[in-house]
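Structures are listed in the sections that come next.
Same chain, two partners: subunit A is paired with subunit B first, then with subunit C.
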Partner chain A sequence: MPALPRVDRLKPIYTAAKALNFGWRFSDFLKIPNYNGISRYTNQLHRVTFRFCKQSEDSVGVRNFIEERLVEIGKQNPSVVIYAQPVRNTTPTIRAEYGNGRQLQINAKNLSMDDITKDVHLLFSRSGNPVTKLESRQSALVPSIQGQWTPITWLSTAMNTENLPNKNLSTFKSCKTSATEYLQQKNAE
Partner chain B sequence: MRLSSILSLRRIVNSGFHPFQVIPKPDMWRKREQLQQFTAWQYASERTTVKGAYRKQDKLFHYLNMQREDEKLTEKYHAEQRVSTALAEHDMEYSKFKSILSKSHILLDNIVLAQLAIYEPRSFKSLVSFAKELARQEGMSVIPDDAEFSYDVHVDNSILRDPLPRAVEYPRGAAENHTNKPRKLRPDEF
Partner chain C sequence: MLRSMTRGIFSKIAKNRRFSTEPQIIETEKVQQEVLEAISKEVSSSSRLFAIVYVNGRQWKVSDGDLISLEGNLPLNVGDEIKLEKVLMVGGTNFSIFGRPFLDSNSVEVDAVVVEKNTTNPELKYVHLNHNQTKIVNWKSDEATVLRIKSVIAKNI
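Up next is the complex of A and B:
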């Protein structure tokens, strides 16, 4: 039997033509979950699970990490729940679950303790958002701080009470002197 | 689902399953669904038929390629247009503005200036006032700002220097004419 398709065959055309069945875009702007860090910062990592084997050589790094560095990291991040799960005959992995419901898994097979430290530090500093290529090098929560330009941004307030046409407002501004101005200046001299 | 008459084998329409082929038939549904992601927006036979959809998809890929190549140039062109329009609102000329910025070593690209003009209009206006004052001191004729919106600018001519050299852009890909051999290096270039 063929593999079960993930997309419903009866979906209307426009939804089938939309993005693929992933929950993310390939290139996107930087995103923060729930305005984290604006007034208060909470660690988005909720749970970390270390699955390792007590006997095999691949999990040496994970075992050493758990012995030496895990407790300290746990004390430094009291909001994160850490599980250490000894499982026979598995590749050692580190699973992380985040506030937005996403999960990450790092294969820790044959990794040294230092490599695992780096990876764990990365897991602790990530929000659960997927890694995407940046659309732009600039990103901000608000599009404009001073207020986006509108046609009335630089409009004089006198225009509210003006009766148009107004001679002063109708003057043609130019760097070059007009013929009339030149003659007037000459006469003045 | 239809049962064939003699063999009573299940036959699912349009699936990759074949009752006698050991290596299963390639799954056509998956390929066509991926094709439809590009061609679902088309009209008539380009959407309904597979052949028309494949023809259209080839064209679409060509268009995507063209757009990707043109993106850079069009972005620069639009940014320049926007900057000169924003300057016109403040009665400043594009050439004078750019020359003053380059002489005062303010390395703001057209793209960034356009973004400032749209999203940070007061910052842009302050830049324009700064440039106007310097231009006036340089002897260029400028139209002064309205009293209502003018900024108080205190700046001296002495900050202007020679403009910085332009950044060299090395375009990607092979050179236009590959038959021209690169010139021999001089000893001082080694």
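Up next is the complex of A and C:
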């Protein structure tokens, strides 16, 4: 295993898929690296590298993407370094490196330009943390502000010094009038 | 605003409901004023507040710096700042204010930033039929939008 494992460890093959449900799985709490967004948001993507072949049919989509959309995206995200790297007979890949040192690589073989646009958009909006099963859809800095509720939180302290059982404390209190009370009220009127 | 609303409730309760002990109205106005003054003092002391907001079809209890993960690819870009306006409740260490159902959006501000948009971890569903040469794997994964709550601020209470 490399020192810094890749962001996505899923392999789209059947045996790996079996291990995902029945083997050991990653689960984590919702996290964002570098306290991002607490005071201001900074883009977590630092570098994107497009590896493609100038001739082969597999990298047509990547070539079209580089020709038509890459410059525009580069202008929109001035903080991101973008490399376009022609390599002969290579499998076209898009590799993204994030601020927390992790990297994510997408195999762009035989993908159309629209698919690649979608993938690049995903790379740009990821934070760099691996996709894991979430323990909860929310995470908080402070667990509770008013304190945890217990059954005795709002009980009156009068009970502390009484000798129990006490007739006064053990009557059932309700805002609804009982039949007896209703009749008593009627008689009084 | 709050004052007039609560006055309405009290008068209704006194007329319509029957209590086991006869209800007595004790200087409501004065009590309310005291409570509201105490709350506005608490709020101005810049202690941590929490709010219950309605986003994405459910209620979330949020405070400063919380992360919430919303379902779906929402029409927001990463880095966008949004204001959550459906606030059902605000509370501090010593008080809570409830809306009916919502609080006035001028008096409570919940600001959030879109921090990440990603996909959820795939859930797998297998269909395997014996002696039938049938093996189906469904990878079910959804898109998610992660918000960070920047601040929960209450004022003009």
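The working rule: the second predicted complex is superposed on the first by the 117 of 189 C-alpha atoms of A that agree within 3 Å, B and C clash if a C-alpha of one lies under 4 Å from a C-alpha of the other, contacts with A are read in each partner's own complex, and residues count from 1 in each chain.
Keep this in mind: contacts are C-beta pairs under 8 Å (C-beta built on N, C-alpha and C of every residue); 3 or more make two chains touch, one makes a residue touch a chain.
A quick note: this is a predicted structure, and the numbers were derived from the prediction, not measured.
Visitor: With the two structures laid over each other on chain A, which partner does A:S174 touch: subunit B (first), subunit C (second), both, or neither?
Guide: Once the two structures are laid over each other on A, A:S174 reaches both partners.
Visitor: Could you figure out whether subunit B or subunit C reaches more residues of subunit A?
Guide: Comparing touch counts on subunit A for subunit B and subunit C gives C.
Visitor: Could you look at A:W154 and tell me whether it touches subunit B, subunit C, both or neither (first, second, both, neither)?
Guide: After superposing on A, A:W154 lies in contact with subunit B but is clear of subunit C.
Visitor: Is A:N36 touching anything from subunit B or subunit C once the two structures are fitted on A? First, second, both or neither.
Guide: Touch status of A:N36: second partner only.
Visitor: Which subunit A residues contact subunit B in one complex and subunit C in the other?
Guide: After superposing on chain A, subunit A residues 14, 17, 20, 145-146, 173-176 contact both subunit B and subunit C.
Visitor: Quick check: in the complex, which residue numbers of subunit A touch subunit C?
Guide: 10, 14, 17, 20-21, 26, 30-32, 36-38, 41, 43, 122, 124-127, 131-134, 137-142, 145-146, 173-178, 181
Visitor: Sort out for me which residues of subunit B touch subunit A in the complex.
Guide: It is residues 15-17, 24, 27, 29-30, 33, 36-41, 47, 86, 89-91, 93, 117-123, 125, 140-143, 146, 148-149 of subunit B that touch subunit A.
Visitor: Going by the contact rule at the top, pick out the subunit A residues touching subunit B in the complex.
Guide: Going through subunit A, the ones touching subunit B are 1-3, 5, 7, 9, 13-14, 16-18, 20, 143-149, 153-154, 156-158, 173-176.
Visitor: In their shared complex, at which residues does subunit C touch subunit A?
Guide: Where subunit C meets subunit A, its residues are 17-20, 48-50, 60, 62-69, 77-79, 91-93, 96, 113-122, 124, 126, 135, 137, 139, 146, 148, 150.
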